[in-house]
Amino acid sequence: MDGTSVNSSDGNLLEVNDVTAGYSKRRVITGVSMNVKPGEIVGVLGHNGAGKTTLLKCIFRMLSIESGDIVFDGASITKSSSVKTVASGMSFTPSERPIFRDLTVEQNLELGAHSVRDRQAIKDRMGEVMELFPILGERRTQLAGRFSGGQQRQLSVGMALMVQPKLMMLDEPSLGISPTVVTKTFATIRELAAEKGMSVLIVEQNVKAMTTIADRVYVLRHGEMVLEESGDAARERSEWWHLF
Amino acid sequence: MAYYGQIAINILILLSLSVSLNLLLGYAGRVSMAQSILFGVGAFTAARLVLPQLTDKYNANVSGVGYGMGWPWWAALLGAIVVTFIAALVISLPAVRQVKGEYLILLTLAFQLGGQQVMTVWEAVTGGPFGVAGIPAIKIGSMSFSTVKADSTVRFAILMLIVTVIVIAVCWGIGESPFGRLLKTLREQESVLPSVGKSPIRPELLTFGITAGIAGGIGALFAFSQGAMTPVNFGLDLSILIVSVVVLGGVGNIFGTIVGAIILGGLDPILSNTVGADAIPWRAVIYGGALVVMMMVRPQGLIPEGAFRRFKKGKTTEEMTPAEAMESLSRVSATHEVGSAPALEVEGLKKSFGGLVAVGGASFTIAEGKITALIGPNGAGKTTIFNMITGTFKPDEGTVKLFGQDITGLSVVDIANKGIARSFQDVRICEQMTVLDNVAVAVPKQAGEGLTNLVFRPLKTRKVERATRERALECLALFGISDKANDLVGELSYGDQKLVAIARLLATDADVLLLDEPTSGVDPANVEGVMQGVRRLRDLGRTVCLVEHSVHFVQQLADRAVFLDQGIVLAEGTVDELINQQELADLYFGS
Amino acid sequence: MNFELLAQLTITGIVLGSFYALMGMSFGIVYQTSKIFHLANAIPFAAAGFAAVWSAETFHLPMFGAFIVGLVAAVIVGLLILVLGYFPLINRNATLLSLFLVSLGVTVAFPNLLQIVFGTQNKTLQVYGADGTLNRAFETQVYNVGFLTITQLDIVKIIVCWLVVLCVVLFVNKTRFGRSITALRTNPTMAAAVGINSKVVYIVVFAIGSLIAGMGGLFVTTEFVAYPTMALQWTLIGFIAVFFGGIGSLPGTALGGLLLGLLSSWSSVWLGVQFAPVVVFGALFIILLVRPQGLFGKAAA
Amino acid sequence: MNRMRMGRTAVAVGVVAGLSGLLAACGSSSGSGTSSSAAAASTSAAASGSTSASAAAGTCINEIFGAGGPEAGQGVTIPAGMLLAVTGQGSFFGKVMSQGALLAADQIKEAGGMDYQITVADHKSGDVPTAITETKKLIQNGIEVLQTSYGAPSEAIIPIIQAGGVLTFNGGGSSPAQLSQDYLWMNRMVYAEDPAPGALAWLHKTYPDAKKLALIGTMENGVGTFKETAPNIWKKLTGGEVVAAEQHDVGTTDFKALAQKILAANPDVVQTFSFGDDLGYQVKALREAGYKGPIMMDEFTSQAAKIAGSAYEGVNFGVDFYTPANPNPWNQCYVKAYKAKYGEDPEYYGSNYYEQVFIVWDLVKRVIKAGGDPTDAAQLQAALIADPTFNSVYGGDATTVGKVTLDTVDHSISKPMGVFVVKNGQPELIQEIVKIKAGEDPNSALK
């Protein structure tokens, strides 16, 4: 696959520069800067309400930015929209209700590929996803709402894969699923990233799961970046309490 | 002269109907498309009550000259108000069943249209499409008030003016009273009312009733003045016009409504006098268009709510320092017997949602006069436990005791009144209300929240209200924001908004205060201020229990902590004790 | 009460109920997607009728041609309301109440504009032949089956209405685009995440809703006449069908409409025909009281 | 007039400039479309009328009403008002009524008579408070004569016109409550009540075996006739009974359920007291439902006939009927001028209001002749009571103008009435009938 062909000059697929954003009165993130390199798995850690989801929504252009600048794949997307960011190779999976409960697995996956025009490509990718997550293939005509949390999570990752993103963004993929499934899901993400040369940006509270696969982690606390370090350093770190 | 008198009467009637609807639409935030039909219910009721007792059936059926109960006009007026009041309670019945927003629009629309059809069909009461005629005019002494003759038209216009002034005064009085404060809270954040121990149902129903009662009373006067009317008079177009007047003028501002009624009510005579009958269709085009344009460029209306708020500034008492406030507030006695039992005892609480266990048997106690934090990873069931303690959810199993008294299964309102108040993760402050009003609404036992007191005990009401405002100011002063008492909360920084929410908790007099993520979303510069505020609650002797995700802050804030995972208490102790346990860290950060 | 009357009224009720179902579809698809209380759905309804009458008289179009003009007009007007009226407010995150008030304003103004432009007279649809000659006002054939009678127009109405219901339900449930509608309705955040452009969906949904409203307007114009205030009662019937049948369920809406039609027809056995509207509104009131989610609707989670 | 137009333009341009411009463009073309098709649909006489109509009207009016000049009221201005349904469901009535009166005013002025200045006010199709407000405005503006319409508004303004001293005519919604009221005169026969005996007697004569009568009515006009007069007369005539009585809202279009209920009662004859377009839909629905028996109506309008189409063939109606085909010379002169001015045939309601203005002209002339003040409504009414007979476009024959007489006691009118049958879409007289007094033998209503 050609996911590796990234043309950013300074080697960053995504650059977030000094972004401040929030909801009307409520400024949720202040002066946040970060970046993601091609093929890299980056984790953003932080307590509930630290502004992690807001950061993702800013990057995905679902939320307007008060100040700052976001560059994706060499072009500024500060003034772009979510419809365009999907087309330019980004995917976003929300933490809650990341699937369409009233639709079947197949229909969910097809919607995941909403921005893809090529019917054949959609078919091929659906095959790939079902190979990756066999349970989805087995239950392809069932309503997604009947699935367990872990299966729904798998489906949501599958939906993200349908656009073959350059950057896959996942909001708390460990939420509501059992620890074993967490481990499995994260392992799959690691494999996928390596295989497709895809960059992954994950927002997590689950430090352990994140640090096992992350190349690099950031910690967000009360809307401010308080730490950036390599995945290895993070794995070594014994004390997290003061960062949360 | 009679013509101008009549124009004035028409505008005054529209004005009164709109001002009363503003109570419902502007203050309580409930749309009603049925104002016109309620006006009609009042008119026909009054007509049937005031008409003489006759037995001429032919006339009754054919030309609407009918029979009635032969009551004096004032009794018929009262009768009309009562009947309309009851009719409105019937419409608002589904509203109590959580039928809100577009349901309410549809429901009131249906009532309007269905009601008009009933009027058309129910000949025995309304005279059918021909309506009722021969309704006797109001007579006071030898003077008659009707719109038939020139001099009596002018007299009636003056009477109507007086009535309108009374209606405005009543609506203004209700709107700006403690009762009105309840209504505005109902409009902005309905869930706040039960959380401070006040039922939202009673003020909502009452407002439907009052709005309708006024419409019914005006309907009665209308019937007396015209002497004749038909169901056509009470159509949907009038309801739409009334809503338009309120919206164009400015919801929540009675003066806006006055301006709106004069403009829209004046449109008709102005057009028909300058352009002629051909221009009449333009009227609806103009006001329909105006409604659209207004929503685009000035959705708050010509004179928005709070437009005159600035003039009221400077009326607040002198600034109080936090220390003074602390002293003053500590004189407020606690509502429980001190010392005997722990503030809160939670025993074996269980709750599952559709098979998913949210809380699996949590037991812990919260010591009096301390700050206790509930911590744990996402999905630990912290907020669910809050919801069970405060009565929002009924626990599947287990008990909650407040100072030894079992409060399991009580309603939200009752629990709040027993002395547990809570804040919400998403603040839930009322942006269109002043800081002071946001806090004052929580003060318990306000005389002015009862309408009988407003009417019959104005002095006591005023005295209590003064005390209420003082109390609210003290609560604000405790957090150093009393200087902002007259600002709209929407204009404050988020950190200050959080403080307002905490001040509101304090104002309830509750002994146990549950804070749901008091610092979340507050920017770093203001966090210290919020934490300071929480500490002051403890210093006042209140028991505080909070949910907070930032361990960083919990460490600085809480005396004790309870660690939960998947709805089960794993450990209790000081924060430092807890975070030194490796297994808790593993749970929190994953293993 | 006799059996023949009841049977005949059942047929009348089915015809009426089919039309209610049609109106329910028109409002239902718009409402369940956008949550806008789109009272202005009355406008494409009336616009279709007037455009058809006007084009038939001006260009001597045959009936079919006039219908096309009517439907095109309905869609254009419906989209104008969306783009000029609703989009600016949606962009501003305005409340549903302010969207409703815009709708209300337009709904008040439009019939009066029609009256100013076309005059107050009821407009009869003139039927022109393919060669441009005037045939006559539209007349329908009557069929007798045993003691029952039904007109050709009624048969056409039943078929068209249920075809539309079927098409809309299939479109929403079976097509790729239909799934975007469901996606947007059930999970707006996720819909945005997969790159569904909500504005495009709104435009399609409003086009469909307006088209169906236009069909309703054409039925009324063909069977009766076009007049400026012709639409409001039928629009409201559509609303009632949606809330009566069940929000979020298009088949439920259609069944709700049918049931309302039967109710209002049957009620005339015991009550005078002038009570039919009271029966419909009463049924709605009771449903909202005892089952707010509607007859076939799912309770909100 | 000029000011009015300017005002209208200002409103149109100023208020909703964009929209109105767009729609006005459609409007003007549609307007021409309407008139051309109406002209095409009507008889061939229309084409010749348009150029010379006004001149012809002038002369023929003088032939019937005598020469113009100061004695005929030239130079006298009579301020007058009309209270009509300009907007709302009944705006059709408002339109034709004002057209009739405005034509009469033009013709009279042209013939050298009074200057009858009309201000039209709107009661929004029956809204009582609006009617009261507008009437007060008219009175304040000094009107001397008022032409009102509709039952409920006309009843409601009675005390006001009496207090203001305004000579008032109603040619539309006549009702029993308007009888015997000072200053109020009805030049339409009392709706339903007056023709009902003759119509029912004719039904009995023509269908002697018919016993079962079905009645249809609105809840607005002729309710008393529907509930009492008609059933009583029918019982008296035939010993039969009323097997169905259904009421409906004014403005109903869908009569399916009503027709089926009527049919289920299996009546021998149906009489309906509905009016306006409703009749067209009603008859259509009755026929479509399979009712084949006789239908007796109270009114014929070409619009309703157009709606019903072939279903109207053979239905009857008994009424003080106006027809443009009446050869009466005044009527022919009127029809020609009306067509020239409005591009369509005059109908029943417009004609009543047309006649009212001529009644006023007669009164003005009489008062002038007697040396009185023609701008005093009381004197006009006195002149009316002195001689309540006037020319009419009803009745008469090819050489004589018809005559009508107002009742000076109850202020109602007697006009030639008849039972008609619809043939080829046009009404045809088959039986003349007359008004009878309550309690008289219904059969005596047949002439």
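For clarity, chains are labelled A, B, C and D in written order, and residue numbers in each chain start from 1.
Basically, a contact is a pair of C-beta atoms (placed from the backbone, for glycine too) under 8 Å apart; a residue touches a chain by one contact, two chains touch by 3 or more.
What you see is a predicted model, and the numbers here were worked out from it, not measured in a lab.
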B-C or A-B, whichever has more C-beta pairs in contact: B-C
Chain whose mean Cα position lies farthest from chain C: A
Mean-CA-position distance for chain D and chain A (Å): 77
Distance from chain C to chain B - Cα centre to Cα centre, in angstrom: 36
Inter-centroid spacing, chain B versus chain A (mean Cα positions, whole Å): 42
Distance between chain centroids, defined by C-alpha means - chain B, chain D (Å): 54
Shared-contact residues (touching 2 or more other chains) in chain A: none
Sites on chain B at which at least two other chains make contact: 117, 120-121, 281-282, 285-286, 289
Touching two or more other chains - residue numbers and ranges from chain D: 16, 19, 86-87, 219, 249
Contacting chain pairs - touch in the sense defined above: A-B, A-C, B-C, B-D, C-D
Chain A - residues contacting chain B, complex: 25-28, 30, 47-50, 172, 174-176, 179, 182, 205-210, 221-224, 240-244
Of chain C, residues touching chain B in the complex: 35, 37, 85, 88-89, 94, 96-98, 100-102, 104-113, 115-116, 232, 236, 239-240, 243, 272, 274-275, 277-278, 280-282, 284-285, 288-289, 292
Chain D residues touching chain C - in the complex, by the definition given at the top: 16, 19-20, 23-24, 26-27, 29-31, 33-34, 37, 40-41, 86-87, 89, 91-92, 94-95, 219, 246-249, 253-258, 260-261, 263-264, 277, 281, 287-290, 303, 306-307, 309-310
Touching residues (chain side chain B, partner chain A) in the complex: 377-379, 490, 492-494, 497, 517, 519-524, 527, 549-552, 555, 579, 585-586, 588-591
Residues on chain B engaged by chain C in the complex (per definition of touch): 31, 93-94, 97-99, 101-103, 105-107, 109-111, 113-114, 117-118, 120-121, 236-237, 240, 243-244, 247, 281-292, 295-296, 299
